[in-house]
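This report concerns only the one structure given below.
Chain lettering (A, B, C and D) follows the sequence in which the chains are written, and residue indices restart at 1 in each chain.
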Amino acid sequence: MDIHEYQAKEILRENGIPVPPGEIAKNSDQAVAIAKNYEFTVVVKAQVHSGGRGKAGGVKLAKTQDDVRKAADDILGMFISGHKVNEVLVTPAEDIDTEAYLGILIDRETQSPVIVVCAEGGIDIEEVAVNNPNSIHKLSIDPRYGLFRHQAYGLARILYQEKDLVKQAVSIIEQLYQAFISSGASMVEINPLISTPTGDVKAIDAKMSIDDSELFKHPKLQSYRDVQAEPRAETMAREAGLSYVKLDGNVGCCVNGAGLAMATMDLVKYYGGDPANFLDIGGSSNPQKVVAALKIITSDPNVEVILFNIFGGITRCDDVAKGIVDALKEIEIKSPIIIRLTGTNEAEGLEILSSAGLSAFTSMDDVVEQAVSETTK
Amino acid sequence: MDIHEYQAKEILRENGIPVPPGEIAKNSDQAVAIAKNYEFTVVVKAQVHSGGRGKAGGVKLAKTQDDVRKAADDILGMFISGHKVNEVLVTPAEDIDTEAYLGILIDRETQSPVIVVCAEGGIDIEEVAVNNPNSIHKLSIDPRYGLFRHQAYGLARILYQEKDLVKQAVSIIEQLYQAFISSGASMVEINPLISTPTGDVKAIDAKMSIDDSELFKHPKLQSYRDVQAEPRAETMAREAGLSYVKLDGNVGCCVNGAGLAMATMDLVKYYGGDPANFLDIGGSSNPQKVVAALKIITSDPNVEVILFNIFGGITRCDDVAKGIVDALKEIEIKSPIIIRLTGTNEAEGLEILSSAGLSAFTSMDDVVEQAVSETTK
Amino acid sequence: MAILVNTETRLLVQGITGRDGSFHTKEMTRYGTNVVGGVTPGKGGLFFEGHDGQQIPIFDTMEEAVRETAANSTVVYVPPAFAAGAMEEAIDSGVGLVVAITEGVPVLEMSRIHAFAKDRGVRILGPNCPGVISPGKAKVGIIPDQIVVPGPVGVISRSGTLTYEAVINLTRAGLGQTTCVGIGGDPLIGTSFIDCLELFKSDHETQVIVMIGEIGGTDEQEAAQWVSQHLRIPVVGFIAGQTAPPGRQMGHAGAIISGSSGTADEKTRCFEENGIRVAARPIDIVRLVKETLDR
Amino acid sequence: MAILVNTETRLLVQGITGRDGSFHTKEMTRYGTNVVGGVTPGKGGLFFEGHDGQQIPIFDTMEEAVRETAANSTVVYVPPAFAAGAMEEAIDSGVGLVVAITEGVPVLEMSRIHAFAKDRGVRILGPNCPGVISPGKAKVGIIPDQIVVPGPVGVISRSGTLTYEAVINLTRAGLGQTTCVGIGGDPLIGTSFIDCLELFKSDHETQVIVMIGEIGGTDEQEAAQWVSQHLRIPVVGFIAGQTAPPGRQMGHAGAIISGSSGTADEKTRCFEENGIRVAARPIDIVRLVKETLDR
């Protein structure tokens, strides 16, 4: 789960990392009221789960109250990479001497947290990784021991020469690691980590993702979820316990299992179609999950045909069939439904379908080819 | 550093372990005032750094206010294993169903914390170790991982069968481990850990020692030191940075290095004498430490002769010689001082001594034999 | 022969009395897997009824279970909040193989657990995996046994149902399997493609290996290089997720394209560069396997 | 030959600019020890002047120091609050031997550090030890070199000045040493009596070993059993603390009799039962060594 900049900064602050003050405004009046508490210049920053906010015009400097009002009016309501801006962060502008990058993520290869530092900050780290890979330093942390002091010191010295800056950076690195672990994060980054002309090291921008599997331990972090910023269909899917990702095509897909769901999308493409979504109904399906899945798929106006590809294992074919039949009673579905049903309780499932006047394929290729043929292209 | 029962209980409480309430009284009026807050029966317990308080009459049940007053009057001021009782803990008596033992210490062999449990509690665990060693279960904890939940569960099941008691014990074991680590303890024990007829598991008595080397991290624990309960000479020694242990003999020993100090005591015994103390002036001696050492040794009225055994390494012989000469100016010393001085800056040291009319041996056996001969036996 | 599980497997089931654990224990015993015991704290002393009335003893702890049954393997069906603890207990108990079915175990916990397993020399398969089946010998996990038959093909996959899809096609075409392994869809898994390839390398009955990958990470790429350097057994590949958008997690916690890395194109190219023929559709796996065996 | 340190030793000094570190670095270089660098955070780039004007480079981190100097050993003189961190850095740096002189390192920190050192295959000597000297070859730590001469006796001891007492008596009697090792007075030490005995076992110049123990723990008892089972080189023993009262710490954090365990009597008896002759006084060590060598 991605969280917003201001939420990430709140977590950093709780862990002792110096972060400039700032508050959230949902309209320009609020933004002006907040700005009055700070010395000008202030910065008005769009809070969306997307990079590239600056380039998109989502971050503006404001030297007067009028500037703040105008910036807030401009930014609130705008779309950045498809995400609507509902909130802005108003925060004092900082004098910047140097900008650096500091991040932590989970590395698959070492199966450990990895701390990443780069003395060039403030720009897209992925770009730096391409253009100047040697400037990026990575250090894998043994989960049995955690971060050693000398490791934090070694990383801090990559960022700074001056003794006092190094000392501050050592603390920030240790605090960021602590924040990462205690929040159950999968990624956190400070970009830029700045030093000021007065010799302070601060986190000016922050990004953080929490491992969904950790959320049950952290009720406070759960409340950080921004349902408003999330497409309605994804909220519905999450609440129903389904995995759903919206795409741009017209073949609505409903599959059990993530690998099979991806392979189904790929096969739609293979036969010349275009998948409308990724949707995995998961392992232990029940009819209600299928009903929810159909509601989500049909909420996408692009969908012209609905394709079921079910390979029963834990998932029972009769449950899925029952869900389809139930859904047809509950919701009006105009698109044709093309079904493949095989595996556990296949016979019972086919029986349920045929009682409702539906039929099913048993081969994956057949069902996908048929579904694609039903679309207008 | 040993801490008192009530202090250990305070730490357990902070870590979430159920401990009956209780307060400290320095006189019988206070004890009665505290007892009024509880339902009778209450217990009045001597707070001293010593086991065997019960057998010594330092723990008394009181059913009335008069009982409390009498118990407090009896216990306050008594001596238990040479320790004067200055404070009593007044705490409600508990109904006891079962008594168990739970402790954690550092095991030299595995170089790890070891959790010790025994379903027979309330009695001296050293006695159980002799009489029924199989009833004592030990589990070594890998410091890289800490205590695993299944380990706590396995230990709890040694203590209890009943599911709800096991569950409480799992928490208590985890909390005790947490208390042990976060306090920098070298030993902690709950004895007895009781279960009550109403199904609660509680810590009724507790003992704890803090690793002296950890104290600099824990200002609060430093304040737990009971200087009043400590012999004055040991307080002086600690404050001067010396290691000192009082013994019963009459040959006062002043040595550099713990091993050599023990060997010197042993050699006093070998030559028929009786050491008055262990005293190590440490590695980087300066004259002031020697002065402090002489003050401490001479504060013991049993001392008839003072024996210096100095093998200069880091310790410089001239520093020690200067300290002896300075001390003779500062304090009146009636006992003869017999000195052995060899190693780093030996010549300079001997020169300083001879200027002050003193002389020194170079052999350890010679000096010890001479010192013993000066005593009355 | 076979890898990971066979007739020597003496299996414990952690969470044997739970919904998934009880269902699949019945299935595993029906298939003939030697389930020697189960573990559910607080239910020690009771028995679980497996297939055909088989009485399987339940223990409170893994330590007791291993001591009493001489088990060498365990399968974990406990819910995500307790799965990490169950795996730690398993690693500490003396078994050599821990098959973790549970999905949704926190990644940071898995990081410590994988380190612990390495310290103790214990193999973890998964988590978030369908388990492993050696047709005609033993089944550990949730792979439907109806779709497998003994034969010369080794199957390794990061997913569940996509594996079933591939395996049923093989079986229908008369191509049986030595062992089918689901290594799991999480970012941090205990047994990698390479680990399985190494095991198949020493399995003299495996004549061809099917390796089913997906987007995310670089496990497939490393495996492909390992194949070209160390393996004589031919490998046929498939990669799911050609149409997956970057930056979005596709169901599996590990199935996410980060930046330009971990795409299906990159993996397919890497397979082909290292001599692994890649099927365009799941059904094409059968043809490639046949052609390979016929050579 | 010698054990632990010799002419191949390439030594770093952690805390080289501190009071103890600077004094003993001068001493070590005067004795001819190959001190290749020092580490003091914040003083990287400066030089420390050793014996006879030798310029020793100072580094900010162990990593740089090892990279630049190819050091294989380090000695830690930093104060107790920072000693654990210095040892961790040393273990992580690639050296094989870490000699920790510092007294007063928290025992719980040492517990983790010893585990870390074992993981990395690094040997720690100490903490709270005087170090090690191989007469005529190298000195690492604080043992006064004036009292040693080369010869056939190996010395292992838990203490500092008591070792000097024993060694000077040997030297005066014409009995030189291969190596004198102080293993340290803390309860958790990195190199035990047995570890040293094993090293001496492979050292063909060591003809007799002097083992100086004290009250507390069971390291001496285990060593005695190991001697009778594995060692052909004769051993002479001494135990300090016959007159120490139980339950009181005698200076060294490890020198404490717990219950009935760890007494000098128990250790002496155990030595004798395993064929180790025990000197009643330090001076008697010389006679026993002589008698042993004359046999």
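A few remarks follow.
Here is the rule we go by: a residue touches a chain if its C-beta (ideal position, glycine included) is under 8 Å from a C-beta of that chain, and two chains touch if they have at least 3 such contacts.
A quick note: this is a predicted structure, and the numbers were derived from the prediction, not measured.
Farthest from chain D, judged by the mean position of CA atoms in each chain, is A. Two chain pairs, A-D and B-D, are weighed by contacting C-beta pairs, with B-D ahead.
Between the CA-based centres of chain B and chain C the separation comes to 56 Å, rounded to the whole angstrom. A straight line joining the Cα centres of chain B and chain D is 28 Å long. Between the CA-based centres of chain C and chain D the separation comes to 50 Å, rounded to the whole angstrom.
Of all residues in chain A, those touching 2 or more other chains are 144-145, listed in ascending order. Annotation for chain C: residues 112, 116 touch two or more other chains.
In terms of inter-chain touching, the protein chains here follow a pattern that is not a line, ring, star or complete graph.
By the definition of touch given earlier, these chain pairs are in contact: A-B, A-C, A-D, B-C, B-D. Chain contact summary for the complex, chain D toward chain A: residues 41-42, 60-63, 85, 88-89, 92, 112, 116. Residues 144-145 of chain B are the ones that touch chain A when the two sit in their complex.
Of all residues in chain D, those touching chain B in their complex are 19-20, 80-81, 103-108, 110-112, 114-116, 119, 130, 142-144, 147, 157-165, 168, 185, 187-188, 212, 214-215, 217-219, 238, 240-245, 248-255, 259, 264, 280-283. Residue ranges of chain A in contact with chain D, taken from their complex: 145, 148-151, 153-154, 157, 163. The touching residues of chain A, when paired with chain C in their complex, are 106, 108-109, 111-113, 126, 129, 142-144, 181, 184, 186, 211-214, 216-217, 243, 245, 247, 255-263, 265-270, 275, 278, 280, 283-284, 311-315, 342-344, 363-365.
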